[in-house]
Amino acid sequence: MKTHSFMLTFLLLLGTVSGLTAQSKILENCTLNSNVLNSERKFAIYLPEGYENTDRHYPVMYLLHGMGDDQTGWVQFGEVQRIADTAIREGYASPMIIVMPDANTVQPGYFNDVKGDFNYEDFFFTELIPHVEKTYRCRAEKQYRAVAGLSMGGGGSLVYALHHPEMFCAACPLSAAVRTGLNKQSVIDRYKTKGMVVTEEEIDEWYKKHDILKLMETMPEEQKNAVRWYIDCGDDDFLYEGNSLLHIVMRKNNIPHEYRVRDGGHTWQYWREALPEVMNFVSQTFRR
Amino acid sequence: MKTHSFMLTFLLLLGTVSGLTAQSKILENCTLNSNVLNSERKFAIYLPEGYENTDRHYPVMYLLHGMGDDQTGWVQFGEVQRIADTAIREGYASPMIIVMPDANTVQPGYFNDVKGDFNYEDFFFTELIPHVEKTYRCRAEKQYRAVAGLSMGGGGSLVYALHHPEMFCAACPLSAAVRTGLNKQSVIDRYKTKGMVVTEEEIDEWYKKHDILKLMETMPEEQKNAVRWYIDCGDDDFLYEGNSLLHIVMRKNNIPHEYRVRDGGHTWQYWREALPEVMNFVSQTFRR
Amino acid sequence: MKTHSFMLTFLLLLGTVSGLTAQSKILENCTLNSNVLNSERKFAIYLPEGYENTDRHYPVMYLLHGMGDDQTGWVQFGEVQRIADTAIREGYASPMIIVMPDANTVQPGYFNDVKGDFNYEDFFFTELIPHVEKTYRCRAEKQYRAVAGLSMGGGGSLVYALHHPEMFCAACPLSAAVRTGLNKQSVIDRYKTKGMVVTEEEIDEWYKKHDILKLMETMPEEQKNAVRWYIDCGDDDFLYEGNSLLHIVMRKNNIPHEYRVRDGGHTWQYWREALPEVMNFVSQTFRR
Amino acid sequence: MKTHSFMLTFLLLLGTVSGLTAQSKILENCTLNSNVLNSERKFAIYLPEGYENTDRHYPVMYLLHGMGDDQTGWVQFGEVQRIADTAIREGYASPMIIVMPDANTVQPGYFNDVKGDFNYEDFFFTELIPHVEKTYRCRAEKQYRAVAGLSMGGGGSLVYALHHPEMFCAACPLSAAVRTGLNKQSVIDRYKTKGMVVTEEEIDEWYKKHDILKLMETMPEEQKNAVRWYIDCGDDDFLYEGNSLLHIVMRKNNIPHEYRVRDGGHTWQYWREALPEVMNFVSQTFRR
């Protein structure tokens, strides 16, 4: 009994002391209950070195995975911990929290679905961000909030920052899924499997809200400097056309942006190489 | 008995571990109650690597933010932790505590206000410094106490070291707000919003006590070597004139000082680049 | 006899010394008489380290300047000597001769003019290349011949390698002038100043032969692997559209190529940074 | 006899071959006959590595010494050869010719004297520059011509570029003699030793033409971007006041310029440390 309480004291002490080590940490199975999606959703989080032995608040980057992956994609394949640790330690990125939500759901990825029956985007803005900012020590203002992502998550980054320019200081779509057309039949078929009927008008309406090239083309003048953009897509990527056209549309419409085409395809090697630059880019805003 | 030796092993292990692990720490929401200002005031603090597993006492540098920021400015934008860690680890700065008070208050910044109704300078000297030196293991003597700051905080560093040369071994104003004139009407207007009346005579009296160029010009001979000065202001900074004149006045009046003009403006990049040199400069006194 | 042995010693000594001393060399005012252009034409040449104390034959890269410059552009602004010396010495490029012809002539730059009255392209292939390969120790085969250039010279590189895939193993257009349309009136006006009349039909005919996007789009299958392409254009370059479309057309038409978009505009800094990569790229063919 | 001619052939051959080494070269006793100054004048010249085995033309920087030195000052104390070799080899400066004229004459240094009896400035522009550009392979245009100098030569650089903005793309006065007043008696006395009388009016007239602060203050709008300025003066230099005021006047008058105050005094160590930056600065124009 005495031993037990001794041990407890020591464990607590050890906890305090070990708090001093405070290396960076990845948690890849965080959860929150979503009313919007009517299910439990997962996310992974990167807490920078020192997070646990300070009361400091940090900027946050939301980092979105691609189709077929889940919240562990950037952890396992993207090696976010090693890359972020290095970027922060060497000073080309400022210390930040990185949140990697799970969007391994159904077709529409990070978007609200056509008939409003599965609203991931609503979940993201009304549940996930508030939960993260309540649970972790975030600097909960636009200047300290960025979004980045690859492929389907690149599309997500684009649409999120286009729909909510008041939420993000910077957006970094990598190898982004920029559609240059929509296969309506696939949507109709997908809804059939849900036992639902979707009309062409509903699809057209939905597409109008998610047509990235169009949204860029018609961006109101006062929104053009609201978000800093960093766009990167390899020369061997199958998504070359949408990204090339995106660059053209943004240049023609005078929307400031950085654009890169490096050597490579739609691969994790490409995205691992992109991540330090992305972190550096968003840090330029985080630290002014 | 067995328990005892088990515990002993544990303790030794714990000692070893803790001996290895005391990284530097930032606390950005420390508070103290100020009677002078009749409110709770915040400050951030940097505790160097090893602080928590030793009983050693350290020199202290007070590091002041600029207008519009608060005690987190040097933490978030100034990246004081990474820069100080590097400076200390590489040996061009000695281990020190860095205190960053919040002066995100009203117009007069770090000074006592004209009518003595808001006396930040009094708070700083009679409450903040004693609180810090009681709470943290500081070497509480002039030789181990320095003050530095940027913009409004550069003005603060100058006035503090001019008013209290017995308190600081070194002062490092960066891009300092050195006035070359005073807009009396703005002071009158500011007091109007407080529902108070201030006379031109009161303003003149106040200005005399805070006119940096004049204070330098009339510095008594015996004070000229009391504080070591390091002054730095970028060639693109809008505060170029006051700083250039400050250099001229100090040279003409034989007040020893270092003066730098590097490439840059009124930006955090400039101040992040200045900080290693500032830490090196104050360390020359801290370690003789 | 004694003289003889003295001389021998001298010769050996000379050999040793000269063996040590053949640095790379730039000649920027070489000339040849052109019958095609009915004038003397200039070119600059880079001879790699060691050229002058060996009988070795070298691969050749033709490196074309942009509008407004002349054969000295890559020498003075492009710093070809320092960059090539470094690339070769560090091994990412193989030793090569670099030829920089002067095309500071009239509007059509490196092309034959519309009415065939000023045929720079003919000069290049029937006079310049033969002259160079006769005068300098070149490896006079396609495998050892590359073409690169910037802006107008990027357009030249493209058209030369499209018209003469049997001549070049690699082509590297930088910030290339890829037209997305033609101002016929400007051609008509230009000919008016020559005192000549040009018809719209003649212009259309000419454009068909120089329409880079069209030539890529209609490239015969068997030509698609004839030339290795390296295309690079900065994200801030005013020629972004043509280059983005070129990438799309080549991808759609399955023409293998490297494509890069780096940070920068239509500047010599951009091209100086591109040159090492260009030399590395052509060297992959030069040394298999 | 036969031996002799053999040897001659070999010597010539050796000369040719050794020409291949073409390291940089300093000549410190070049001369030209000046009609303007009615005497033989000296200058030193730096020819960059490779100058002697090419026909290339180079940009030129005129580099002026200070009072008490002569054309060998930058060679012996400034170590121009080692510093320039390094700057060019490492690529932060482009290959250039550096001309160091001798102005070790009488009081007025690089200027025309008050009564027009000793016109060094006229000599510089009408005799020295033409001689240099005829004798050495210079790119004889404003874009490729810069002027720099220290102390009295800093004053020279300022006045030359102010009087002849059409001649220099860049001017780099180091620790420049910027007067903030003129001792008329010393001019009168100096003329007395020449056996001449100078009036106060003549001195006033002369001063108006050489008053650097005034010339900056009254610079016509269209001249403000004609010359790129790099101004550098140490914080311990006795010329601190004129240089600080120069920075203020140029800022107030919107004349773009770089300004540096580094740690140091009026010493050759300071100027040796400045030279790489000066060469880098002028090279930004030389290579666009």
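When the chains are written out, they are named A, B, C and D in that same order, and each has its own residue count from 1.
Definition applied: contacts are C-beta pairs under 8 Å (C-beta built on N, C-alpha and C of every residue); 3 or more make two chains touch, one makes a residue touch a chain.
These numbers come from a predicted model, not from an experiment.
Touch-path distance (fewest steps) from chain A to chain D is 2. Compared with chain C, the chain whose C-alpha mean position is the greatest distance off is B.
Between chain B and chain C, the centres computed from C-alpha atoms are 59 Å apart.
Measuring from the averaged C-alpha position of chain B to that of chain D gives a distance of 44 Å. With each centre defined as the average position of its C-alpha atoms, the distance from chain C to chain D rounds to 38 Å. Shown here, the protein chains touch around one cycle, each chain meeting exactly two partners. Chain B makes touch with chain A in their complex at residues 3, 7, 10-11, 14, 17-18, 20-29, 52-53, 72, 75-77, 79, 81-82, 267-268, 272. Against chain D, in their complex, chain B makes its touches with residues 235, 240-241, 244-245, 247-248, 251-252, 257-263.
Interface residues of chain D facing chain C in the complex, by the touch rule stated above, are 2-3, 6-7, 10, 13-14, 17-18, 20-22, 49-50, 53-57, 59, 88-89, 91, 94-95, 139, 286-288.
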